[in-house]
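In the two assemblies presented below, subunit A is common to both, partnered first by subunit B and then by subunit C.
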Partner chain A sequence: MRYVKIKDEKVYEFLEGLKNYGKLYAPVKISDKFYDRKEIDDVKKIAFDYIRTIMPAKKFFIPPKEEMFEIDIENGEYKEKLEEVEPFVLFGMHPCEIVALRILDGIYMDEYADIYYTRRRKAGIIIGLSCLPDEYCFCNLRRTDFVDIGFDLFFHELPDGYLIRVGSPNGHKIIDENLDLFAEVNQQDIDAFREFEEKRQRMFRCYGSFDNIRYLLELTMQDKLWDEESEKCFGCGNCTNTCPTCRCYDVQDIPNIDGKTGKRIRFWDSCQFRSHGLVAGGHNFRPTKKDRFLNRYICKNSYFYPLGTSYCVGCGNCTYFCPANIDFLGNLLKVRSTAEEVKNA
Partner chain B sequence: MHNVYALYKCRVLRIYDLTDDVKLFLFRFENPSIAESWTFVPGQFVQLSIPGVGEVPISICSSPMKRGFFELCIKKAGRVTSKIFDLKPGDSVGVRGPYGNGFPVKDFEENDLLLIAAGIGMAPLRSVFMYALDNRWKFGNITVINSARYGKRLLFQKELEAMRDVAEAENIRIIQTVTRDPDWPGRIGRAQEHIKYANTRPDKSYVCVCGPPQIYNDVFNKLIEHGYDPKKIYVTLERRMKCGVGKCGHCIAGSSTFLKYICIDGPVFGYYDIISTPGLI
Partner chain C sequence: MKLRIGIHGLTSCYGCQLRMASVRELLEVAENFEIAYWYMVSSKGEISHVDIAFVEGSVSTAKDEEELKKIRENADVLVAVGSCAIYGGVQGMLFGKEYEEIFKEVYGDNKIEFEGRIGEPLKKYVKVDYNLPGCPPEEEEIIYYLATFAIGSYPEEKDYPVCTECRRKGYPCVLIEKNEPCLGPLTVAGCDARCPGYNVACIGCRGPLPHGIAWFDSLAKTFKEKGMSKEYIKARMEIFGKQYEKMDEMIEKVFEDED
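Let's turn to the complex of A and B:
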């Protein structure tokens, strides 16, 4: 892998230059507590120390709502609606979100590739940024705390700048076209990089492996834990909206007021809604709140085999944004161990 | 790049009433080259769109050997299927597919075939049956057990009854049974109670089952009791499907060690998939 270094004083110039490659989006502070990815006008507003954004990066590739087809009802025809996709740059992507995008790639760009997703994915440049975990993060348990693929450039924090890993031809091109901004990586930088990684590894809430969690979860599905926890749930769907790998969508045909034309739209759906498992005739495959609650745990903890990781990347968003304070990791830890100290954690 | 959600225009050629709330629709693709090249495996389904109303997944119930045409057996159950019932010959709809894995019909060859249907479950199994009839020499004995609550709810009852005597001479047995109909002149009882009358040899048979989820365990138990090989039992499942191509997530089922998209990993599953996975049926 190719490594270069950028010094602190050159970073803003580099970020300004990124606008030549497309619309620049990066995390900015939007309130006392929250961050979101916004189009960047003034690069000095970019938040480098953010931990999570209110919306995951999937919104750039699967918009919350999009038009798929224009319908000519009179002639019974669906016309493909493809919006113009402009190149864009996502700066400040944490490892968990980069893995999440690769999971979405595996689903949306398989043998039945989704054209809407694929076009946006090809137009996006992904620039990663190293992070330090808070008490909600558990990417270490999911083995998604460090990425070696899925980005164009990855920025690792150093005391006086950033160590940059180059991960794609597009990444190389950006480096080559701005060569005067970069320096070679020296021994001091390598030591600082190692130190940062070590410090980061010591900061997680818990350690070990979650590789067996899907079996333990399957074996404990009858536990009263799930009755108690699902009882707390409001069924609001915040967990799935903020999950970087949740990708369920619903489709509707909406006729226009003239009755002759219309549009087919798709929009984010959530398995936490009663309508998600409902079929015509009134049968529901997930009739109770507990069914729906467990469905998310099952889905997130099962393995996405093309990547060899679970669908959950350990970002902690579902817990952080849960209005009922349901602790996703806490529940999984209870599944993993019956030790008292874990139960009371 | 091809859009997997793009629809092909199809025309309704004929409509037959099967029961009071089920109709059989015969379709043909408007584009002749698609009509000629389009094919499927029995057990697969299509996504059918009524412009401006919506899209529904429907099992194909005709044989793939009948090129250029396909039949869908549709029960009036919801918003979209109610609109489908208003269609008249000559009307057009949008169709995409076929989707799903379908039955492993190549494996079935040189074996006996037992098809067990309850209610609307006859629709996907009719495709297997018609395929077996079109390739009669490839299969051994065949039995179809078609069951419903009432005689008037038996799908394809007339079609199957009409071929019964001829079929028997060809080692094809047709058993039609109802559970709650005192006026029905034929057999009474649930489908599994008639497995013993099948002409299929348990050690040489593949079995396909389709019906409401409640029937599966009873049918499985009876089959195993009669000596059928559990490895050779297949079922086809139903779910809410919006995309058909493993994206929208509505049909996800199973448990954390065996998470499946019914639309691409199914809808046909083997007996051992079913019993090892909570939530599939």
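Let's turn to the complex of A and C:
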């Protein structure tokens, strides 16, 4: 892998220059508590110390709502609506978000690739940024805390700049075209990088393995815990909407007022909604709130085999953005712990 | 063949009809439907057989009841339009109280010329086929309902809350961030979270979610944990949700231990 360094005083110039590669999006503060990735005009507004965004990066590849076809009802024809996708740069992607995108890739760009997703994905440049966890993070348990693939460049914080890992031909190109902004990595930088990583590893809320969590979940589905926790739930879908890997969408045909034409749209769906498990004939596979609540726990803790990681990347969004204060990790820890551990906790 | 429609108003602010009358595609609506009755727009016409009747307002007088029954008898499909028609509306929050007492409080010993009562939703009196929620409904929804009927299909009522539209829009959550009494989690979507978008907590004007999935109990519990009193929570939730089945029960349950 190729490594270069950028000093603090050159960072804004580099970020400004990124606009030559596409529309620049980066995390900015949108309110007292929340951040979101927005188009960047003034690079000085970029929040380097953000932890999570209220809208996950999936929004750039699967928009919350999009038009797919124009429909001609009279003639039974449809025309795919493919807007031009301009190149864009996502700066400040954390490791969990990068793994999440790779999970989406595996699903949306498999042998039956989703054309809408694929076009956007190919237009996006991904620039990673190191982070320190808060009490909601558990990427360490998901083994998604460090990425070696899935980015063009990855910025690791140093006391006086960033150590940059170059992860793709596009990444090389960006470095080569801006060579005067970069320096060589020296021994001091390597020590600082190592120190940062060690410090980071010591900061997580809990340690151990979650490898068997899915099976423990299945075995404890009858526990009272799930009645109590699902009763707190609003069924509002915030957990899935803010989840970087939740990818269910709903499709709806919307006729125009002339009754002759229309459009097909798709939009983010959620397994927390009643209609998610509703099928023709009126049967519902998940008729109760508890069924829907547990569905998310089972789904997120299942394995995405191509990557060998669970669908949950441990970002903590579902807990942080839960208006009912339901602690996803806390509940999983209750399932993982023996009765003795819970008593002593 | 054009569908014959009627648009009616019982006791309400007539805002739903006004919204229907101000859709940008109004000319197309007039072109593609035969409007048999629309009292707000034209005093011509009588209640006669229609394919679809749209009814806004709550049943708040004996005359409302009579009119509603006549509309129902003459309509193949009846759509309840807006919060008053679906849940009784703001006037419906008096449900459970004595009409005479309320009347006295407002009008004293004065008399009125008709027999009033506490506002109730249409479904208490007649069969309602579809609900078109809103206070008033959004333009997009009005067109969607009309257009699905026009192609011989039927509209799909949203069963997810304002919360979801708020997240899809990327607005900051006022419930989490400011501990505001936002009713977004149990209010039916469709407004694209207009109020939270202006940093204002949802007051629930579009009415609770259908299909028994408006979790007043869970939200009341969260409000309680944020330090809000039972009286405050009830008062807020009752504005548009008083006649949601089991709302009272659900809130009571949360405060059971204290009483």
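Note that in this section the second predicted complex is superposed on the first by the 338 of 345 C-alpha atoms of A that agree within 3 Å, B and C clash if a C-alpha of one lies under 4 Å from a C-alpha of the other, contacts with A are read in each partner's own complex, and residues count from 1 in each chain.
One rule holds in what follows: a contact is a pair of C-beta atoms (placed from the backbone, for glycine too) under 8 Å apart; a residue touches a chain by one contact, two chains touch by 3 or more.
In this text the structure is predicted, and so the values were computed from the model without any measurement.
Chemist: With both complexes overlaid on chain A, does A:262 touch subunit B (first), subunit C (second), both or neither?
Modeler: After superposing on A, A:262 lies in contact with both subunit B and subunit C.
Chemist: Scan A:196 for contacts with subunit B and subunit C and give back first, second, both or neither.
Modeler: In the superposed model, A:196 contacts neither subunit B nor subunit C.
Chemist: With both complexes superposed on chain A, which partner does A:248 reach: first (subunit B), second (subunit C), both or neither?
Modeler: first
Chemist: By the touch definition at the top of the document, which applies to A:30: first (subunit B), second (subunit C), both, or neither?
Modeler: second
Chemist: Does subunit B (first) or subunit C (second) touch A:21, or do both, or does neither?
Modeler: Neither subunit B nor subunit C is touched by A:21.
Chemist: Look at A:235 in the shared chain and tell me whether it touches subunit B only, subunit C only, both, or neither; answer first, second, both or neither.
Modeler: A:235 contacts subunit C only, not subunit B.
Chemist: Could you tell me if A:73 is touching subunit B, subunit C, both of them or neither one (first, second, both, neither)?
Modeler: After superposition on chain A, A:73 lies in contact with both partners, subunit B and subunit C.
Chemist: If you stack the two complexes on chain A, which partner ends up touching A:146: first (subunit B), second (subunit C), both, or neither?
Modeler: neither
Chemist: In the superposed arrangement, which partner chain does A:88 touch: subunit B (first), subunit C (second), both, or neither?
Modeler: neither
Chemist: Hey, what residues of subunit A end up touching subunit B and subunit C alike?
Modeler: In the superposed arrangement, which is not itself an observed complex, subunit A uses residues 73, 252, 255, 259, 262 for both subunit B and subunit C.
Chemist: Write out the stretch or stretches of subunit C touching subunit A in their complex.
Modeler: Within the complex, subunit C contacts subunit A at residues 25, 28-29, 32, 143-144, 146-148, 150-151, 153, 156, 159-161, 163-164, 167-170, 172-173, 175-178, 182, 184-186, 211, 213, 215, 217-219, 221-222, 225.
Chemist: Please give the residue numbers of subunit A that touch subunit C in the complex, ascending.
Modeler: It comes out as residues 30-34, 36, 54-55, 59, 64-65, 73, 231-238, 241-242, 252, 254-259, 262, 267-268, 270, 273-275, 289, 321, 323-325.
Chemist: State the interface residues of subunit A toward subunit B in the complex, per the touch definition above.
Modeler: Residues of subunit A touching subunit B: 68-69, 71-73, 75-78, 80, 107-108, 110, 112-115, 118-119, 213-215, 217-218, 221, 246-253, 255, 259, 262, 266, 269, 271, 276-281, 285, 295, 297-299, 301-303.
Chemist: Please give the residue numbers of subunit B that touch subunit A in the complex, ascending.
Modeler: 1-7, 9, 49-56, 75, 77-81, 91-94, 238-240, 242-243, 245-250, 252-259, 264, 278-279
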